[in-house]
Amino acid sequence: MHLPKALSSATTVTVTVRAFARYAEILGLEETKLELAEPATVGDAVKLLRKSVPNGHLLPERPLVAVNLEHVLVEAPLRNGDELALLPPLAGG
Amino acid sequence: MHLPKALSSATTVTVTVRAFARYAEILGLEETKLELAEPATVGDAVKLLRKSVPNGHLLPERPLVAVNLEHVLVEAPLRNGDELALLPPLAGG
Amino acid sequence: MRFVTHRPIDVLGLLTTVTGPELGGTVLFVGSVRRGDGDGPVEAIEYSAYEDMLEAEFEKIMAEAAAQWPGSRVAGMHRVGRVPVGESSVAIAAAAPHRADAFAACRYAIEEAKKRLPVWKKEIFEDGSAAWREGDQPEAGIKPKIA
Amino acid sequence: MRFVTHRPIDVLGLLTTVTGPELGGTVLFVGSVRRGDGDGPVEAIEYSAYEDMLEAEFEKIMAEAAAQWPGSRVAGMHRVGRVPVGESSVAIAAAAPHRADAFAACRYAIEEAKKRLPVWKKEIFEDGSAAWREGDQPEAGIKPKIA
(Lines give C-alpha, C1' and ligand atoms only; values in the text may rest on other atoms or scores of the structure.)
Protein backbone atom coordinates (compact mmCIF):
# COMPACT_ATOMS: atom_id res chain seq x y z
CA MET A 1 0.00 0.00 0.00
CA HIS A 2 1.39 3.43 -0.98
CA LEU A 3 0.12 6.59 0.65
CA PRO A 4 -0.20 9.85 -1.26
CA LYS A 5 2.70 12.26 -1.22
CA ALA A 6 2.59 14.78 1.58
CA LEU A 7 3.69 17.73 -0.44
CA SER A 8 4.74 18.22 -4.03
CA SER A 9 8.11 19.39 -2.81
CA ALA A 10 11.20 19.27 -4.98
CA THR A 11 13.18 17.21 -2.47
CA THR A 12 11.54 14.39 -0.55
CA VAL A 13 12.55 11.45 1.59
CA THR A 14 10.87 8.08 1.38
CA VAL A 15 10.75 5.96 4.49
CA THR A 16 9.32 2.57 5.32
CA VAL A 17 6.78 2.69 8.11
CA ARG A 18 6.12 -0.41 10.19
CA ALA A 19 3.30 -0.72 12.68
CA PHE A 20 3.05 -3.38 15.38
CA ALA A 21 0.48 -5.01 17.61
CA ARG A 22 -2.43 -2.69 18.41
CA TYR A 23 -1.15 0.05 16.10
CA ALA A 24 -1.11 -2.41 13.18
CA GLU A 25 -4.74 -3.23 14.02
CA ILE A 26 -5.72 0.46 14.24
CA LEU A 27 -4.09 1.39 10.94
CA GLY A 28 -5.02 -1.83 9.18
CA LEU A 29 -1.44 -2.17 7.93
CA GLU A 30 1.85 -3.60 9.04
CA GLU A 31 4.11 -1.87 6.58
CA THR A 32 3.87 1.02 4.12
CA LYS A 33 6.03 3.61 2.36
CA LEU A 34 5.71 7.28 3.19
CA GLU A 35 7.09 10.24 1.26
CA LEU A 36 7.85 13.43 3.15
CA ALA A 37 9.19 16.85 2.29
CA GLU A 38 12.74 17.43 3.43
CA PRO A 39 13.80 18.13 6.13
CA ALA A 40 11.49 15.61 7.86
CA THR A 41 11.25 14.37 11.42
CA VAL A 42 9.53 11.38 12.95
CA GLY A 43 6.91 13.81 14.22
CA ASP A 44 6.14 14.92 10.65
CA ALA A 45 5.60 11.30 9.63
CA VAL A 46 3.29 10.67 12.58
CA LYS A 47 1.30 13.83 11.77
CA LEU A 48 0.86 12.69 8.17
CA LEU A 49 -0.23 9.20 9.22
CA ARG A 50 -2.72 10.60 11.71
CA LYS A 51 -4.21 12.78 8.98
CA SER A 52 -4.13 10.53 5.93
CA VAL A 53 -4.70 6.96 7.06
CA PRO A 54 -8.18 5.75 8.07
CA ASN A 55 -8.30 5.66 11.90
CA GLY A 56 -4.89 7.36 11.92
CA HIS A 57 -6.19 9.86 14.47
CA LEU A 58 -6.32 6.99 16.96
CA LEU A 59 -2.52 6.98 17.06
CA PRO A 60 -1.10 9.10 19.86
CA GLU A 61 0.60 12.30 18.83
CA ARG A 62 3.81 11.14 20.44
CA PRO A 63 3.91 7.36 20.13
CA LEU A 64 6.97 5.30 21.01
CA VAL A 65 9.05 5.16 17.87
CA ALA A 66 12.20 3.56 16.55
CA VAL A 67 14.26 4.44 13.49
CA ASN A 68 16.47 1.75 12.01
CA LEU A 69 15.96 -0.48 15.08
CA GLU A 70 16.88 2.25 17.61
CA HIS A 71 14.57 3.92 20.08
CA VAL A 72 14.37 7.63 19.19
CA LEU A 73 12.28 10.63 20.20
CA VAL A 74 9.74 12.07 17.79
CA GLU A 75 12.07 15.00 17.15
CA ALA A 76 14.55 12.69 15.41
CA PRO A 77 15.21 13.43 11.71
CA LEU A 78 14.23 11.00 8.96
CA ARG A 79 16.52 10.25 6.04
CA ASN A 80 15.77 8.59 2.76
CA GLY A 81 15.44 4.84 3.18
CA ASP A 82 14.94 4.89 6.97
CA GLU A 83 12.72 2.32 8.63
CA LEU A 84 10.35 4.03 11.04
CA ALA A 85 8.55 1.77 13.51
CA LEU A 86 5.47 2.72 15.52
CA LEU A 87 5.59 0.90 18.84
CA PRO A 88 2.61 0.55 21.17
CA PRO A 89 3.56 0.76 24.87
CA LEU A 90 5.98 -2.14 25.43
CA ALA A 91 4.98 -5.14 27.46
CA GLY A 92 7.75 -7.69 27.15
CA GLY A 93 8.45 -10.62 29.42
CA MET B 1 35.62 -42.72 72.90
CA HIS B 2 34.58 -41.60 76.38
CA LEU B 3 36.35 -38.73 78.04
CA PRO B 4 36.93 -38.64 81.82
CA LYS B 5 34.37 -36.89 83.97
CA ALA B 6 34.98 -33.23 84.52
CA LEU B 7 34.16 -33.20 88.18
CA SER B 8 33.01 -35.81 90.64
CA SER B 9 29.85 -33.80 91.17
CA ALA B 10 26.69 -35.32 92.46
CA THR B 11 24.61 -34.07 89.49
CA THR B 12 26.00 -34.18 85.99
CA VAL B 13 24.79 -33.82 82.43
CA THR B 14 26.01 -36.00 79.62
CA VAL B 15 26.08 -34.53 76.13
CA THR B 16 27.13 -35.85 72.76
CA VAL B 17 29.87 -33.75 71.18
CA ARG B 18 30.27 -33.75 67.41
CA ALA B 19 33.19 -32.18 65.61
CA PHE B 20 33.30 -31.38 61.91
CA ALA B 21 35.81 -30.71 59.15
CA ARG B 22 39.05 -29.18 60.48
CA TYR B 23 37.95 -29.50 64.11
CA ALA B 24 37.39 -33.22 63.60
CA GLU B 25 40.94 -33.44 62.25
CA ILE B 26 42.39 -31.43 65.16
CA LEU B 27 40.66 -33.48 67.82
CA GLY B 28 41.04 -36.78 66.01
CA LEU B 29 37.37 -37.54 66.66
CA GLU B 30 33.99 -36.95 65.08
CA GLU B 31 31.81 -37.81 68.04
CA THR B 32 32.24 -38.36 71.76
CA LYS B 33 30.32 -38.17 75.02
CA LEU B 34 31.14 -35.58 77.62
CA GLU B 35 30.02 -35.45 81.24
CA LEU B 36 29.79 -32.07 82.91
CA ALA B 37 28.83 -30.80 86.36
CA GLU B 38 25.49 -29.06 86.47
CA PRO B 39 24.74 -26.31 85.65
CA ALA B 40 26.80 -26.50 82.46
CA THR B 41 27.15 -24.22 79.46
CA VAL B 42 28.58 -24.73 76.00
CA GLY B 43 31.58 -22.72 77.16
CA ASP B 44 32.21 -25.22 79.98
CA ALA B 45 32.22 -28.06 77.47
CA VAL B 46 34.64 -26.23 75.19
CA LYS B 47 36.92 -25.49 78.13
CA LEU B 48 36.97 -29.14 79.12
CA LEU B 49 37.69 -30.27 75.55
CA ARG B 50 40.51 -27.75 75.21
CA LYS B 51 42.06 -29.11 78.43
CA SER B 52 41.48 -32.81 78.22
CA VAL B 53 41.66 -33.84 74.55
CA PRO B 54 45.03 -34.09 72.77
CA ASN B 55 45.41 -30.95 70.60
CA GLY B 56 42.26 -29.60 72.24
CA HIS B 57 44.06 -26.29 72.87
CA LEU B 58 44.00 -25.74 69.09
CA LEU B 59 40.24 -25.18 69.29
CA PRO B 60 39.31 -21.52 69.64
CA GLU B 61 37.96 -20.45 73.02
CA ARG B 62 34.73 -19.33 71.36
CA PRO B 63 34.14 -21.59 68.38
CA LEU B 64 30.94 -21.56 66.38
CA VAL B 65 28.62 -23.99 68.11
CA ALA B 66 25.21 -25.54 67.71
CA VAL B 67 23.07 -27.35 70.23
CA ASN B 68 20.43 -29.75 68.94
CA LEU B 69 20.87 -28.42 65.37
CA GLU B 70 20.50 -24.75 66.35
CA HIS B 71 23.16 -22.09 66.27
CA VAL B 72 23.77 -20.88 69.83
CA LEU B 73 26.28 -18.70 71.63
CA VAL B 74 28.82 -20.29 73.98
CA GLU B 75 26.84 -18.96 76.95
CA ALA B 76 23.97 -21.33 76.12
CA PRO B 77 23.14 -23.95 78.80
CA LEU B 78 23.61 -27.67 78.17
CA ARG B 79 21.04 -30.21 79.28
CA ASN B 80 21.32 -33.95 79.63
CA GLY B 81 21.21 -35.63 76.21
CA ASP B 82 21.99 -32.50 74.19
CA GLU B 83 23.97 -32.77 70.99
CA LEU B 84 26.71 -30.13 70.95
CA ALA B 85 28.38 -29.49 67.60
CA LEU B 86 31.69 -27.71 67.10
CA LEU B 87 31.59 -25.89 63.78
CA PRO B 88 34.66 -24.50 62.03
CA PRO B 89 34.01 -21.17 60.25
CA LEU B 90 31.29 -21.93 57.69
CA ALA B 91 32.06 -21.96 54.01
CA GLY B 92 28.98 -23.21 52.22
CA GLY B 93 28.10 -22.77 48.59
CA MET C 1 22.59 -17.40 19.93
CA ARG C 2 19.41 -15.70 18.79
CA PHE C 3 17.37 -14.02 21.51
CA VAL C 4 14.01 -14.61 19.84
CA THR C 5 12.59 -18.09 19.79
CA HIS C 6 9.28 -19.43 18.56
CA ARG C 7 9.58 -22.55 20.70
CA PRO C 8 9.67 -23.35 24.42
CA ILE C 9 12.74 -21.85 26.09
CA ASP C 10 15.57 -24.28 26.82
CA VAL C 11 16.59 -23.01 30.24
CA LEU C 12 19.44 -25.47 30.76
CA GLY C 13 20.88 -24.63 27.36
CA LEU C 14 20.73 -20.96 28.26
CA LEU C 15 22.56 -21.56 31.55
CA THR C 16 25.24 -23.46 29.66
CA THR C 17 25.96 -20.51 27.39
CA VAL C 18 26.98 -18.28 30.31
CA THR C 19 28.71 -20.57 32.81
CA GLY C 20 32.44 -21.21 32.83
CA PRO C 21 35.16 -22.50 35.18
CA GLU C 22 36.03 -18.96 36.36
CA LEU C 23 32.43 -17.88 36.96
CA GLY C 24 31.33 -19.01 40.39
CA GLY C 25 27.85 -17.49 40.45
CA THR C 26 25.05 -17.82 37.95
CA VAL C 27 21.65 -16.18 38.27
CA LEU C 28 18.73 -17.04 36.05
CA PHE C 29 15.48 -15.14 35.77
CA VAL C 30 12.49 -16.86 34.18
CA GLY C 31 9.27 -15.01 33.49
CA SER C 32 6.18 -17.13 33.02
CA VAL C 33 2.61 -16.55 31.97
CA ARG C 34 0.35 -16.28 35.02
CA ARG C 35 -3.26 -17.34 35.11
CA GLY C 36 -4.11 -14.20 37.04
CA ASP C 37 -2.28 -11.76 34.78
CA GLY C 38 -5.42 -10.34 33.22
CA ASP C 39 -8.90 -9.19 34.08
CA GLY C 40 -10.12 -12.76 33.85
CA PRO C 41 -8.47 -16.17 33.97
CA VAL C 42 -5.80 -16.20 31.28
CA GLU C 43 -5.28 -19.29 29.17
CA ALA C 44 -2.30 -18.06 27.18
CA ILE C 45 -0.52 -14.95 26.03
CA GLU C 46 0.16 -14.34 22.38
CA TYR C 47 3.49 -12.48 22.10
CA SER C 48 4.34 -10.48 19.02
CA ALA C 49 7.59 -8.63 18.42
CA TYR C 50 9.58 -6.41 16.13
CA GLU C 51 12.08 -9.22 15.86
CA ASP C 52 15.06 -7.48 14.23
CA MET C 53 14.90 -4.69 16.77
CA LEU C 54 14.44 -7.17 19.61
CA GLU C 55 17.73 -8.82 18.67
CA ALA C 56 19.52 -5.49 18.29
CA GLU C 57 18.19 -4.07 21.55
CA PHE C 58 19.03 -7.17 23.56
CA GLU C 59 22.58 -7.13 22.14
CA LYS C 60 22.88 -3.60 23.50
CA ILE C 61 21.57 -4.62 26.91
CA MET C 62 24.09 -7.48 27.06
CA ALA C 63 26.92 -5.10 26.13
CA GLU C 64 25.83 -2.60 28.78
CA ALA C 65 25.81 -5.35 31.42
CA ALA C 66 29.24 -6.62 30.37
CA ALA C 67 30.60 -3.08 30.64
CA GLN C 68 29.09 -2.47 34.08
CA TRP C 69 30.08 -5.83 35.57
CA PRO C 70 33.40 -6.77 33.96
CA GLY C 71 33.91 -10.49 33.66
CA SER C 72 30.19 -11.17 33.63
CA ARG C 73 28.38 -12.96 30.83
CA VAL C 74 24.71 -12.43 30.04
CA ALA C 75 22.44 -14.30 27.66
CA GLY C 76 18.70 -14.43 27.19
CA MET C 77 15.79 -15.72 25.21
CA HIS C 78 12.33 -14.31 24.53
CA ARG C 79 9.62 -16.52 23.19
CA VAL C 80 7.11 -15.13 20.70
CA GLY C 81 3.84 -16.65 19.59
CA ARG C 82 1.30 -18.31 21.84
CA VAL C 83 2.64 -19.15 25.31
CA PRO C 84 0.25 -21.13 27.55
CA VAL C 85 -0.19 -20.38 31.27
CA GLY C 86 2.74 -21.69 33.30
CA GLU C 87 5.19 -21.69 30.41
CA SER C 88 8.10 -19.28 30.17
CA SER C 89 8.07 -16.24 27.94
CA VAL C 90 11.46 -14.80 28.80
CA ALA C 91 14.65 -16.00 30.44
CA ILE C 92 17.85 -14.14 31.28
CA ALA C 93 20.99 -15.82 32.60
CA ALA C 94 23.99 -13.97 34.02
CA ALA C 95 27.23 -15.48 35.28
CA ALA C 96 30.03 -13.69 37.07
CA PRO C 97 33.05 -14.57 39.20
CA HIS C 98 31.05 -13.61 42.31
CA ARG C 99 27.38 -13.83 43.06
CA ALA C 100 26.65 -10.17 43.78
CA ASP C 101 27.64 -9.27 40.23
CA ALA C 102 25.64 -12.14 38.76
CA PHE C 103 22.52 -10.94 40.62
CA ALA C 104 23.10 -7.32 39.58
CA ALA C 105 23.74 -8.13 35.91
CA CYS C 106 20.70 -10.41 35.67
CA ARG C 107 18.46 -7.86 37.35
CA TYR C 108 19.75 -5.06 35.14
CA ALA C 109 19.14 -7.10 31.98
CA ILE C 110 15.57 -8.07 32.83
CA GLU C 111 14.62 -4.56 33.98
CA GLU C 112 16.01 -3.02 30.79
CA ALA C 113 14.43 -5.76 28.71
CA LYS C 114 11.01 -4.97 30.20
CA LYS C 115 11.47 -1.29 29.45
CA ARG C 116 13.08 -1.40 26.03
CA LEU C 117 12.27 -4.56 24.10
CA PRO C 118 9.68 -4.20 21.33
CA VAL C 119 7.38 -7.00 22.43
CA TRP C 120 3.62 -6.95 22.86
CA LYS C 121 1.19 -9.26 24.55
CA LYS C 122 -2.34 -10.21 23.70
CA GLU C 123 -4.05 -12.03 26.53
CA ILE C 124 -6.18 -14.97 25.51
CA PHE C 125 -8.80 -15.58 28.21
CA GLU C 126 -10.34 -18.90 29.11
CA ASP C 127 -13.67 -17.71 27.66
CA GLY C 128 -12.03 -17.26 24.27
CA SER C 129 -11.92 -13.46 24.29
CA ALA C 130 -8.68 -11.57 23.90
CA ALA C 131 -7.21 -8.18 24.84
CA TRP C 132 -3.98 -6.32 24.31
CA ARG C 133 -2.05 -5.82 27.50
CA GLU C 134 0.26 -2.87 27.29
CA GLY C 135 2.90 -1.39 29.52
CA ASP C 136 2.65 2.09 30.92
CA GLN C 137 5.44 4.00 29.21
CA PRO C 138 4.69 7.66 28.85
CA GLU C 139 3.81 8.57 25.31
CA ALA C 140 6.80 10.90 25.26
CA GLY C 141 8.85 7.84 24.39
CA ILE C 142 11.97 6.10 25.53
CA LYS C 143 15.05 8.24 25.79
CA PRO C 144 17.61 6.64 23.50
CA LYS C 145 20.60 5.16 25.36
CA ILE C 146 23.99 6.36 24.20
CA ALA C 147 26.03 3.21 23.58
CA MET D 1 12.53 -32.51 49.04
CA ARG D 2 15.82 -32.96 50.85
CA PHE D 3 18.24 -30.06 50.65
CA VAL D 4 21.37 -32.19 50.82
CA THR D 5 22.33 -34.27 47.85
CA HIS D 6 25.36 -36.43 47.16
CA ARG D 7 24.81 -36.26 43.42
CA PRO D 8 24.90 -33.55 40.74
CA ILE D 9 22.17 -30.97 41.30
CA ASP D 10 19.12 -31.27 39.05
CA VAL D 11 18.51 -27.60 38.33
CA LEU D 12 15.41 -28.12 36.19
CA GLY D 13 13.86 -30.34 38.84
CA LEU D 14 14.53 -27.65 41.42
CA LEU D 15 12.88 -24.98 39.27
CA THR D 16 9.85 -27.23 38.87
CA THR D 17 9.36 -27.47 42.63
CA VAL D 18 8.83 -23.71 42.98
CA THR D 19 7.00 -22.61 39.84
CA GLY D 20 3.25 -22.45 39.54
CA PRO D 21 0.55 -20.81 37.41
CA GLU D 22 0.25 -17.85 39.80
CA LEU D 23 3.97 -17.21 40.12
CA GLY D 24 5.14 -15.08 37.23
CA GLY D 25 8.78 -14.67 38.22
CA THR D 26 11.33 -17.30 39.11
CA VAL D 27 14.93 -16.60 40.07
CA LEU D 28 17.56 -19.29 40.33
CA PHE D 29 20.99 -18.95 41.85
CA VAL D 30 23.61 -21.56 41.07
CA GLY D 31 27.00 -21.56 42.78
CA SER D 32 29.74 -23.50 41.04
CA VAL D 33 33.27 -24.54 41.86
CA ARG D 34 35.77 -22.14 40.26
CA ARG D 35 39.21 -23.11 39.08
CA GLY D 36 40.60 -19.92 40.61
CA ASP D 37 38.94 -20.30 43.99
CA GLY D 38 42.11 -21.23 45.87
CA ASP D 39 45.78 -20.36 46.11
CA GLY D 40 46.49 -22.62 43.13
CA PRO D 41 44.42 -24.12 40.34
CA VAL D 42 41.58 -26.04 41.94
CA GLU D 43 40.52 -29.39 40.54
CA ALA D 44 37.59 -30.00 42.86
CA ILE D 45 36.15 -29.08 46.21
CA GLU D 46 35.29 -31.72 48.75
CA TYR D 47 32.22 -30.54 50.68
CA SER D 48 31.40 -31.94 54.08
CA ALA D 49 28.38 -31.05 56.17
CA TYR D 50 26.51 -31.54 59.40
CA GLU D 51 23.67 -32.92 57.37
CA ASP D 52 20.83 -32.98 59.89
CA MET D 53 21.51 -29.39 60.86
CA LEU D 54 21.87 -28.39 57.22
CA GLU D 55 18.34 -29.63 56.57
CA ALA D 56 16.95 -27.95 59.69
CA GLU D 57 18.68 -24.63 59.02
CA PHE D 58 17.62 -24.50 55.38
CA GLU D 59 14.03 -25.20 56.44
CA LYS D 60 14.26 -22.15 58.67
CA ILE D 61 15.66 -20.00 55.88
CA MET D 62 12.81 -21.08 53.57
CA ALA D 63 10.26 -20.23 56.27
CA GLU D 64 11.84 -16.82 56.86
CA ALA D 65 11.71 -16.07 53.12
CA ALA D 66 8.07 -17.17 52.87
CA ALA D 67 7.21 -14.88 55.78
CA GLN D 68 9.01 -11.86 54.33
CA TRP D 69 7.71 -12.28 50.77
CA PRO D 70 4.21 -13.70 51.10
CA GLY D 71 3.21 -15.86 48.19
CA SER D 72 6.80 -16.73 47.37
CA ARG D 73 8.17 -20.26 47.26
CA VAL D 74 11.80 -21.11 47.88
CA ALA D 75 13.65 -24.39 47.43
CA GLY D 76 17.29 -25.33 47.34
CA MET D 77 19.87 -28.06 47.11
CA HIS D 78 23.41 -28.33 48.42
CA ARG D 79 25.73 -30.98 47.11
CA VAL D 80 28.19 -32.65 49.46
CA GLY D 81 31.16 -34.81 48.59
CA ARG D 82 33.63 -34.15 45.78
CA VAL D 83 32.44 -31.49 43.30
CA PRO D 84 34.72 -30.99 40.24
CA VAL D 85 35.51 -27.53 38.83
CA GLY D 86 32.60 -26.14 36.82
CA GLU D 87 29.96 -28.24 38.57
CA SER D 88 27.38 -26.79 40.92
CA SER D 89 27.63 -27.04 44.68
CA VAL D 90 24.53 -25.12 45.64
CA ALA D 91 21.33 -23.95 43.96
CA ILE D 92 18.46 -21.86 45.29
CA ALA D 93 15.23 -21.25 43.39
CA ALA D 94 12.60 -18.67 44.37
CA ALA D 95 9.30 -18.02 42.66
CA ALA D 96 6.87 -15.20 43.39
CA PRO D 97 3.92 -13.50 41.73
CA HIS D 98 6.25 -10.64 40.69
CA ARG D 99 9.91 -10.61 39.85
CA ALA D 100 11.14 -8.14 42.47
CA ASP D 101 10.04 -10.52 45.21
CA ALA D 102 11.55 -13.52 43.46
CA PHE D 103 14.92 -11.74 43.24
CA ALA D 104 14.72 -10.62 46.87
CA ALA D 105 13.73 -14.04 48.23
CA CYS D 106 16.43 -15.84 46.24
CA ARG D 107 19.08 -13.36 47.31
CA TYR D 108 17.99 -13.58 50.93
CA ALA D 109 18.12 -17.37 50.90
CA ILE D 110 21.60 -17.64 49.39
CA GLU D 111 23.06 -14.94 51.64
CA GLU D 112 21.63 -16.61 54.73
CA ALA D 113 22.73 -20.02 53.46
CA LYS D 114 26.31 -18.80 53.08
CA LYS D 115 26.26 -17.40 56.61
CA ARG D 116 24.40 -20.12 58.46
CA LEU D 117 24.65 -23.53 56.80
CA PRO D 118 27.06 -25.97 58.45
CA VAL D 119 29.08 -26.84 55.35
CA TRP D 120 32.84 -26.93 54.89
CA LYS D 121 35.09 -27.08 51.88
CA LYS D 122 38.40 -28.74 51.31
CA GLU D 123 40.05 -27.56 48.12
CA ILE D 124 41.72 -30.26 46.07
CA PHE D 125 44.42 -28.67 43.93
CA GLU D 126 45.59 -29.88 40.56
CA ASP D 127 48.93 -30.92 42.10
CA GLY D 128 47.11 -33.31 44.43
CA SER D 129 47.49 -31.25 47.61
CA ALA D 130 44.49 -30.12 49.64
CA ALA D 131 43.56 -27.35 52.06
CA TRP D 132 40.55 -26.38 54.13
CA ARG D 133 38.96 -23.18 52.96
CA GLU D 134 37.02 -21.50 55.70
CA GLY D 135 34.74 -18.52 55.90
CA ASP D 136 35.54 -15.53 58.04
CA GLN D 137 32.87 -15.57 60.72
CA PRO D 138 34.04 -14.01 63.96
CA GLU D 139 34.77 -16.59 66.58
CA ALA D 140 32.11 -15.01 68.73
CA GLY D 141 29.61 -17.09 66.81
CA ILE D 142 26.38 -16.71 64.94
CA LYS D 143 23.62 -14.96 66.80
CA PRO D 144 20.69 -17.39 66.87
CA LYS D 145 17.69 -16.22 64.84
CA ILE D 146 14.39 -16.06 66.65
CA ALA D 147 11.97 -18.03 64.50
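Which chain is which? They are A, B, C and D, in the order written, and residues in each are numbered from 1.
Just so it is clear, a contact is a pair of C-beta atoms (placed from the backbone, for glycine too) under 8 Å apart; a residue touches a chain by one contact, two chains touch by 3 or more.
Owing to the predicted nature of the structure, the values given are computational and were not obtained by experimental measurement.
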**OP:** Work out the mean Cα position per chain and let me know which chain is farthest from chain C.
**Re:** B
**OP:** Calculate how many whole Å lie between the centre of chain A and the centre of chain D, each centre taken as the average of the chain's C-alpha atoms.
**Re:** 51
Subject >> Distance between chain centroids, defined by C-alpha means - chain B, chain D (Å) >> reply: 27
Original post:
So how far apart, in whole Å, are chain C and chain D when each is placed at the average of its C-alpha atoms?
Top reply: 25
Subject >> Where chain D touches two or more other chains at once, by residue number >> reply: 31, 110
Original post:
Which residues of chain A are in contact with two or more other chains?
Top reply: none
**OP:** Could you run through all the chain pairs that touch each other?
**Re:** A-C, B-D, C-D
Original post:
Can you name the residues of chain D that touch chain B in the complex?
Top reply: 31, 48-50, 52-53, 56-57, 78, 89-90, 110, 113-122, 132-137, 139-145
Original post:
Which bits of chain B are touching chain D when the two form their complex?
Top reply: 18, 20-22, 60-66, 69-74, 85, 87-93
Subject >> Interface residues, chain C side, partner chain D - complex >> reply: 11-12, 15, 19-37, 85-86, 97, 99, 102-103, 106-107, 110
